[in-house]
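Alright, structures below, take your time with them.
One chain, subunit A, links the two complexes that follow: it is found with subunit B in the first and with subunit C in the second.
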Partner chain A sequence: MSKKDTSRSAPPRKGSRAGFHKKGRKAWSKFKIILATGVAAIFAILFLMPIILTITNSFMAASEISANYGSVFETTESGGKVYISEKVNLKFIPDMVSFSQYITVLFKSPEYLLKFWNSVILVGPIVLFQLIVATLASYGFARYRGRIREIIFFMYIILMLMPYQVTLVPNYLVSDWLNILDTNWAIWLPGIFSPFAVFLLTKFMRRIPTSVIEAAQIDGAGEWQIYRQICMPLCRGAICSAAILVFIDYWNMVEQPLILLTDVEMHPLSVFLSRINKGEIGLAFAVATIYMVPSLLVFLYGEEYLVDGITYQGGIKG
Partner chain B sequence: MLKLKDKSNIKEQRGSNTNLLHNTKKLRNTKNTRITKKTRNTKKLRNTKRLRKQKLGSGLYIAPSLLGVLVFFIFPFIVIIYYSMVDNPINGEFVFLDNFIKVSANGAFQTAVYNTVTFSLVAVPLAVVLSLMLAIMLESRMPFRSQFRTFFLSPMMVPVASVVLIWRVLFHFNGAVNDLLISLGGPKIDWLKSGYSHIVIVLLFLWKNLGYNMILFMAALASIPKDILEVARLESATPLQTFFYIKVRYLSSTVLFVTIMSLINSFKVFREIYLLSGDYPYDTLYMLQHFMNNTFRSLDYQKLSAAAIMMSIVMIIIIGILFLVESHFGKDVEG
Partner chain C sequence: MNENGTKRRDWVKNAAIVFLSVLLVLTFFSNTILNYSLPEVAGQYIQSGTITSKIRGSGTIESGDLYNIQINETRTVESVMVRAGDEVTKGDILFLLADKESTELTTAEDQLDAAILEFEMKILSGDISNAVINNVQRNNISSVSQYQSRILAAEATIESWQKKVDEITTKISELEATINKLGYSTTDASEEAKKLYNAQSAYDRKNTELTTAKSYLSSLQSDLAKAQETIKYYENGLTVSGNDPADIQYAYSQRDKLPAMITEAQATVTNLQTELYNLNVEVEKAKAAHESKSGNTGSINSLKIELENWKLELHAKEGSLKEAQEAKTQLLTDIAQELSLDAQSDTIEKLRETVAELRAKAIGAAIEAPVSGIITSVLITAGADTVAGTPIATMQPEGKGYTMSFSVTNKQAQSLSVGAKADLVNAWYYNDVEVTLASIKPDTTDPGQKKLLTFHVTGSVTTGQSLSISVGDKSATYDMIVPNSAVREDNNGKFILVVESKESPLGTRYTATRVDVEELARDDTQAAISGALYGYGNEFVITTSTKLVEAGQQVRLANK
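Up next, the complex of A and B:
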């Protein structure tokens, strides 16, 4: 491939050959685009397949699910009545579109909705308060860069880079001392003070030109006014980005509830979903889809913010 | 402090040619008279005072966050250092490195370290290289670019728990992938309960993380100055040459960042493993987080803290090395 690449970008040399080169070059670049599109399409299908399958399968009736996937999940409830094939039949489109799974989840078995509510209750306050704390702190970090602040900020970065295996031990200890183990506070408090959003927003706020802030200062604005009326409006996009990234992280959490909440009833759906393999497999896809909906909605409306957020995180000017 | 002095100088200068700025003339003038009235000493004093007030004022904004970080992360971490060096919290007898030696000798810990390291060694380079390839691919002039970006990014947004069911259907012993293999004449593989489970987890990891890395690379590629690429093209550099001599250099800080992020995310792969196969997965999938979870259950503080400290030290060393490598590579490029 590299050989042909060479011929493509080499400038045409002599008379009659130049035309030939030009033609070949055009064809080759066209071919390359088609090839790239093809590869991208294959990747896209692979990337999307699990998501689409989960959604379409949520519209299958329970009997169809156990008929198709019975051999995987070893359902026992269907007994001898339903034929369970040895193999799985992976289907994109259900034989018969049915909302029975959703009806069962939404109206007949409230435990899933309860777990969903657990997720909301755990994630909502974390996103809200982490952002409040973080906008304040990042204003402080961006406003003035002294040595002490640089050291503190460096500490935040190190902390952000630590895996859960490390940070959960201190979190557990404090929760134990404060007697908040097995309560939502054990998840909320470390989540709220997690340094991630501070890092992201500081990176953004440092890009606000100092002249803007100085101008405000000359006009007699105090710190609070500068924060409220200049930095916050300028940072609206960055705050959305941070909110989305924090939301995904916590909507997906598994480690923290497993360690900090021993009461299974309090677990969010992200943990609980893995436990419905026995018996209730017919519902699983509907529950999974319902759990996906909030994050997909966020993605749908906030993709640009998400992309921007990732870009700020990398410190690359977008 | 020095900065501020400069600023007031600039203001004075600006004040002298007032003929341009009518709007703020008044304000400037009053300021100038005030400055000229006072001696240099008092001006300095006032400046430091104001600066100190400013520093303190903006410093207060950090306080809530810093307090939380200190209480929930830093202070307990110091206690953990203490715990890791005593025989038990009540007795408090100093044993120095005994706990570390005990943990390192622990069989489960060794398996966990081995598995985590092999996983990261395979998954992180793959995640970096493949996402860079995707980013370069999307950089070319092909149709539906923004759609492809959305598609590649979507796995990041989907909670793992939601798609784990499908992954089970795919990779179960009686699952869809095996069906495909058999129809192609291949062997039936027990994907989740054999050495092959590593492959499944690597795939799941890549599926989840490629989009994120790709966005970082796309932004970095877009930020390479166009004129440099143009010069390279005019000098008839091959695409490969442009890639290795120009792009890689400009990308080096991003490569570093992507590597660090992938490394951190590779430690999070416990989620996928837990959701796929529960508390006690197949042996090769027993990760450090499993070890920590099981240790939490027995609440052996010494073991926990020794393990946590060892991990944090290793993380800091790895990140430090990566930073050194990056600063060596990318030192002659700005940005």
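Up next, the complex of A and C:
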């Protein structure tokens, strides 16, 4: 006699006790889904509201901006008013769509464009060389075991956990000692040798089966060949996710250029945006919108890799 | 990786490429676009050099020595024959006047007629004695001292009569007392007593007349002596205090007429003395007759008779006293009237002289130009009346020259000196015009801060014309000289805008920077400055711009 097929259970009869339990579980599942969806929607709205506000307000004219937000920024030294309303009006729909802010930013204010390219100049090399350094370092950490490796890797983790403010003063002193203050090297060097990508890629490279590497060794491949032809293709997703995270992190950096670059002309757009004053609120919305585009594009391009990378880190096997 | 993911990555890749390309293009053209919106400036480097500080100013030509045309009468202008700007020669008719006497002459004649009428009416009123009238008409007015002496003489006469009256009154009182003591006895000698009284009264009256005549003779003699003394002093060249030429003239007239009057008075006195002697004889006769009639009636009768006589005497003396008082009153009245008439006569004489003078000076029917020249202004219109002494027109005499004035600061005036020649500005067509600094005086509108420069102008110019000149020729060397257009000024003082350049990845940026300066000197084209600058050759100063440039504003250089 064969074992009872338990792969598929017969549907419970109507009115039976098992039937009621199943219905209850279904309803509870639906309720949980609805609740979760609602909470998620609320949080989504809360997180999206500033972004939507920024984008919609970037299409408002300067006069409408002053009328809505003047009480926050527009006060004269003598206490006189230059705004219309004393309350801040959060408006999502402009009274009249205007591209004047974008025209001012793109055509009449080259300093904003200059700051954008400052950001690109600062972030691009950091992302590129950090990935190069991180892949090499993570290959080493993944391939070679030992006490020294554990100690060094532990130090990388400690450094990664430290906030930037802790290493700010040592970074400044070393930059001054190296005579690279007020130059882009003061930003590049600490960024290139950042431990985050090393940590991320080491975890991923450890998942590469040892048998693949041993097979390559048997075939006569050297370390460089193994690194370049086996590990790199297998780590493409991780590298992309690391690149995205590093890009987003350094695209929004403020403290490093603020401290290490005294020349305002070299500051990236993130620092410049932090200094928007009362007379440029409309410009701030427009610049912020333009500022979001690279991050958005990078994210959209590598979203799958990023999700896969997070999934791998979470240990969920597909 | 599914197909959808691949498609999306392609789309994102394309979007990123487009985004970056657009930004790259905009960045590439950003300077070009911006420079079209930036003000274009031109300038030059600060230089060193020399500045000749000239003072420039402009003024209106005015007549240097205006001649006022005026008359000293009030006449009605019938027609104005000239207008401002006309050139006239001496003798040309300027105004035609109405053919009638001037208001002043008419008024004077009316006043003269009124005074004469008043004088004549006063003379013919009957209240003034003929002697006074004769004296006034003959101009035989006594002096104040003479009036005083006559008044004193009258008062002396009154006093003497009063004294006699008092004596007689006393005597009568004594006699009445004696008679009352002794009693009365009657003897009818009334007729003789009456005759005696009449004779005595006649004698007393004649005696009074004689006394008066003697007094009058004495005053005439005194006047003559005084006149002779005055003449003696005058002829010997000695001054007599208190005497004026009129008194000298009066002394001479007195010397001429008094001898005859004295002679007449002496004859009167002699006649009166003779008559008095005859009356005295009559009195003696009457007295003798009375005494013979009454006999020795006793002392009472004689006392009574004596009393009656004294009463008669008293009555006579009181009459004389009253006459003397009336004479004094009349004397005072005559003196007042004489003086009043004399004053009126003098007034009439003066009015006659005034009328004669006005008639002699009367202007005919036209006012002629006293000198040759150009009429600068006509101040009266046809039909209006002239005002004596007020100009009715002004003219610039021929060959007298012009002036012009303008104000400068005290500091500017220090560099000038009287006699300096000035150059005309923008007046190349004035070939023969010469301008010379004539005076430097405080400007009345701002005496502490400004001076008024007055220039003498000769040449072919006209009154009212505006002229621009420059004067002064002191020069000095300065380290920093900029064009005048580079020096700007606001509430905080003078400043210049200097171009500062800054290298950036997208090219050289030029910014206008403000530098406060002090202007040391200035001429027509450039100014010497001092300030926080590196000096000549190092600073590029903005002189002109296509738009208003403010400090701190980015600019673009012309042709760069």
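Definition applied: the second predicted complex is superposed on the first by the 266 of 318 C-alpha atoms of A that agree within 3 Å, B and C clash if a C-alpha of one lies under 4 Å from a C-alpha of the other, contacts with A are read in each partner's own complex, and residues count from 1 in each chain.
Here, a residue touches a chain if its C-beta (ideal position, glycine included) is under 8 Å from a C-beta of that chain, and two chains touch if they have at least 3 such contacts.
No experiment lies behind these values; they were computed from the predicted model shown.
K.L.:
Using the superposition on chain A described above, determine whether A:Leu114 touches subunit B (first), subunit C (second), both, or neither.
P.N.:
In the superposed model, A:Leu114 contacts subunit C only, not subunit B.
K.L.:
Check whether A:Tyr301 is in contact with subunit B, with subunit C, with both or with neither, and answer first, second, both or neither.
P.N.:
second
K.L.:
Tell me which partner A:Met292 touches in the superposition: subunit B (first), subunit C (second), both or neither.
P.N.:
first
K.L.:
On the A-aligned overlay, A:Ile42 touches which partner chain: subunit B = first, subunit C = second, or both, or neither?
P.N.:
It touches nothing on subunit B or subunit C.
K.L.:
With the two complexes superposed on chain A, say which partner A:Val169 touches: subunit B (first), subunit C (second), both, or neither.
P.N.:
The first partner, subunit B, only.
K.L.:
Between subunit B (first) and subunit C (second), which, if any, makes contact with A:Glu265: first, second, both or neither?
P.N.:
second
K.L.:
By residue count, is subunit A touched more by subunit B or by subunit C?
P.N.:
Here the partner covering more residues of subunit A is B.
K.L.:
Residues on subunit A in contact with subunit B in one complex and with subunit C in the other?
P.N.:
298
K.L.:
Can you check the complex and tell me which residues of subunit A touch subunit C?
P.N.:
106-108, 110, 113-114, 116-117, 265, 293-294, 297-298, 300-301, 304
K.L.:
Residue numbers of subunit C touching subunit A in their complex, please.
P.N.:
Listed in rising order, the residues of subunit C that touch subunit A are 1, 5, 8-9, 12-13, 15-16, 19, 23, 26-27, 30-31, 33-34, 37, 502, 504-506.
K.L.:
Looking at the complex, which residues from subunit B come into contact with subunit A?
P.N.:
The touching residues are 7, 27, 54-55, 57-66, 68-69, 71-77, 79-80, 134, 137-138, 140-144, 147-170, 172, 174-176, 179, 207, 210-212, 215-216, 219-220, 222-223, 233, 236-240, 253-254, 257-258, 260-261, 264, 267-268, 270-271, 274-276, 278, 288-289, 292-293, 296, 301, 304-305, 307-308, 311-312, 315-316, 319, 335.
K.L.:
In the complex, go through subunit A and note every residue touching subunit B.
P.N.:
Listed in rising order, the residues are 2, 5-6, 8-11, 32-33, 36-37, 39-41, 43-44, 46-51, 53-54, 57, 69, 71-73, 86-88, 90, 133-134, 136-137, 139-141, 143-144, 146, 149, 152, 155-156, 158-159, 161-174, 189-190, 192-193, 195, 198, 214, 218, 222-223, 227, 248, 251-252, 254-255, 258-259, 269-271, 273-274, 277, 284-285, 288-289, 291-292, 295-296, 298-299, 303, 306-307, 310-311, 313-318.
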